[in-house]
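Each of the two complexes below includes subunit A, the first together with subunit B, the second together with subunit C.
Up next is the complex of A and B:
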């Protein structure tokens, strides 16, 4: 019964928690510029994220260790130090982008400038993290995140041409702006395969006290939850493709994206967009801040756990406190939230090997994982993923220079 | 492997950065058509009570930043005089229409908003023609 509940809740939270600022930015840009032509990038990224999430959950269930903890222990502190520094910077950038998304949603609702909201949002997030337990954070934000299903409802409402959608599922060359096309493709992949996701997911599995009997649950959550979760992102591409692209509206600024639901929901579309963006970014911001704390605590061997009282893991709590403060500085400084998001997604794509390669090595350690170690199929899939991440690592930054808007 | 990929990325960078002054200017002016269409859509939605006044005000503000950027690009461009003139002309019309749209929504003048929306639609069409010129070149 408990496992059935975990499964149901896991799927719901995966659906509700899939969408974040990176998905909003990249998917709306993709749809507005290239209609349905970049659906394949989202499908590819979803396949990859399913494989990696399943592995990180399986690893945590069997070893009762989260990934950063295991990487440091297995490969040594020296090996882990460089990835740790890179990932810390990525965490801060992603957190800045997510806080930017919440501030923009509040700007849409109130009309007040983004800068005004930066500190109140950081404080709100901090109070939430300080007071709540892991399951409260995970379940409440992700269940609220189900509001983002409005993109799926809008898709059904707008009757997109099925033939064009199916064509978009197959990679094709663009008729114009190839550099922008590939930049957005890479950014979609960087947004879906967020490096923090695996550390958060495996740490969460440890917090929820998973054991090997949770492996089937983990597999179902990864496949069904992530699979359905990506439907929201798919909805964003399609709605932007149906509403913004024919009007010639490109998303160079979030204000342009804010109009995308108004055709499907004439009166509520604007509010739905603002609430979806706010809730999706709120959930993601808490996950990123926690992931940062997990990574620090596991790297330095501190006490950690969101279920503990902050007094019992003061350094863990201090990390998310500082990271929230740092994350809010981008909006305080007046950085454009969309530009920050797109840059962050390109950098996230560039650092994916840092996450994927140690994971591949750990998943083959039979001493650690025994029967749950990767088989031939999983290793082939991971080798393909590592290859893909290496390609992304090389092309993402040059593409951001020539193709970023 | 990584070296080959880095080389391909470098080639892509070089290939994409080699543009004539006309192409460069058209590229810089690319967001204008999109902003004209955005303001038109925002005005239509305001008339349909789909978006609040504060949103249109902020969107006009964001568009004006893009206008300034394009204005600067035009003044620094070595593109043909006639192309610079054509873009400047559309930019001026669009700037005026955006300003009128902002004033109209502040005054809650629906007739004036509808007029601004029409002007923006005309600018959007003209700019999209210029964009097609870039795609052909």
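Up next is the complex of A and C:
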């Protein structure tokens, strides 16, 4: 019974938690500029994220350790320090972008400038983390997150041409602006394979006290949850492709993205977009802030857990508090949220080897995982993923320079 | 019973927990003692940022200790835990016969809790 609940909740969380500011930015730009031609990038990224999420959950179920914990223990402090610093910076950038998304949603509804919302949003997030337990956070953000299914509903109402969609599932060369095409492709991959996802997911599995009997549940959550989750992103590409592309709206600004639902929902479209964006970013921001705390606490061996009161893990609570404060500075300083998001996604794509390589090594440690270690199939998949991440590491920053905007 | 253990792989950087399984740090350093002609034996663990800093570079340790003298609520740069305090070693952690809250490992935790966290409503310590 408990497992059935875990499964249902896990799937719900993935559907609600998959979609965040990075997906909104990259998928709407992809659809607006290249119609359905970049669907393949989303499908590829979804496959990769399914494989990696399944591994991080399996690892936690068998060893009862989350990834940062295990990486420090098995590779040593010196090995972990550099990825740790890089991932900390990425977490702050992503948090800045997610807070930007919430501020923008509030700006759409109220008309007040983003700067005004930066601190209230950070405080709201902080109160939520300070008071709530892990399952409250997981359940409330995932239930709210289902509002993003409006992108899927809109897709169905708009009757996109099936033949063109299928064509987009196969990689092809763009007829114009190839630098921008590849930049968006890389950004979509960076947005979907968010590094914080694996640290958060494996720490959550430890918080929920998974054991090896959860391996099948974990597999189902990874495949069905991430699979369904990516359908929302797919919806965003398609809706942008049908609504924005023919009008020549390129989405240089989130305001333009906000128009995309108005064709399917004439009256409510604008509000629906704002609510979807706000809710999606709210859920992601709590996950990123918690992931930051998990990573710090596990790196230094502190007591950790979102189910403890802040008085029992003061340092854990301090880390998300400072992270939220730092994350709110971007909007306070007037940084453009869309530019911040796209830049963050490109950097995020560049550092993926740092996430993928230690994971591949750990998943092959038979002393740790015994018969739950990776088999040939998983290893071929991870080898391919590592290769892909290495290519991304080399191309993403140069592409951001030549193809960004 | 004879069992061989790789101290770098299996002990260094491992999670350390107290009597009640409260996580209290990691085995940041392991110190051997050499007495006369006998083989070296593990004498104690070291915990603390200073130990980590020294593993990276002596200069970083100096900077850190200068900072600590000025700002830190922690009295000692490192906590030394004698091997005799080890109760149990599992795949998951090293358990010590100590209470974390009473050790220097929790200097920061205690300071933050007493000076900041419990002053904020909802910390669970009203």
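Note that in this section the second predicted complex is superposed on the first by the 405 of 405 C-alpha atoms of A that agree within 3 Å, B and C clash if a C-alpha of one lies under 4 Å from a C-alpha of the other, contacts with A are read in each partner's own complex, and residues count from 1 in each chain.
Just so we're on the same page, a residue touches a chain if its C-beta (ideal position, glycine included) is under 8 Å from a C-beta of that chain, and two chains touch if they have at least 3 such contacts.
Source: prediction; values computed, not measured.
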> Counting only touches as set out at the top, which of subunit B and subunit C does A:69 meet: first, second, both, neither?
Replying inline: second
> Should A:266 be classified as contacting the first partner (subunit B), the second (subunit C), both, or neither?
Replying inline: first
> Thinking of the overlay built on chain A, is A:131 touched by subunit B (first), by subunit C (second), by both, or by neither?
Replying inline: second
> Should A:249 be classified as contacting the first partner (subunit B), the second (subunit C), both, or neither?
Replying inline: first
> A:309 contacts which: subunit B (first), subunit C (second), both, neither?
Replying inline: second
>> Taking the stated contact definition, name every residue in subunit A that is touched by subunit B in one complex and by subunit C in the other, in rising order.
In response: none
> In the complex of these two chains, what residues of subunit A are touching subunit B?
Replying inline: 107-108, 110-111, 176, 179, 247-250, 252-253, 255-256, 258-259, 262, 266-267, 269-270, 390-391, 393-395, 398-399, 401-403, 405
> In the complex formed with subunit A, which residues of subunit C make contact?
Replying inline: 8-9, 12-16, 22-26, 28, 47, 52, 55-56, 91-92, 100, 108-109, 112-113, 116-118, 120, 122-125
> Residues of subunit A touching subunit C in their complex?
Replying inline: 63-65, 69, 72-74, 76-78, 81, 127, 130-131, 297, 300-304, 308-315, 317-318, 368
> Within the complex, which stretch of subunit B touches subunit A?
Replying inline: 1-2, 5-6, 8-10, 12-13, 16-17, 30-31, 33-35, 37-38, 40-42, 45, 48-55, 57-59, 62, 66, 124, 128, 131, 135
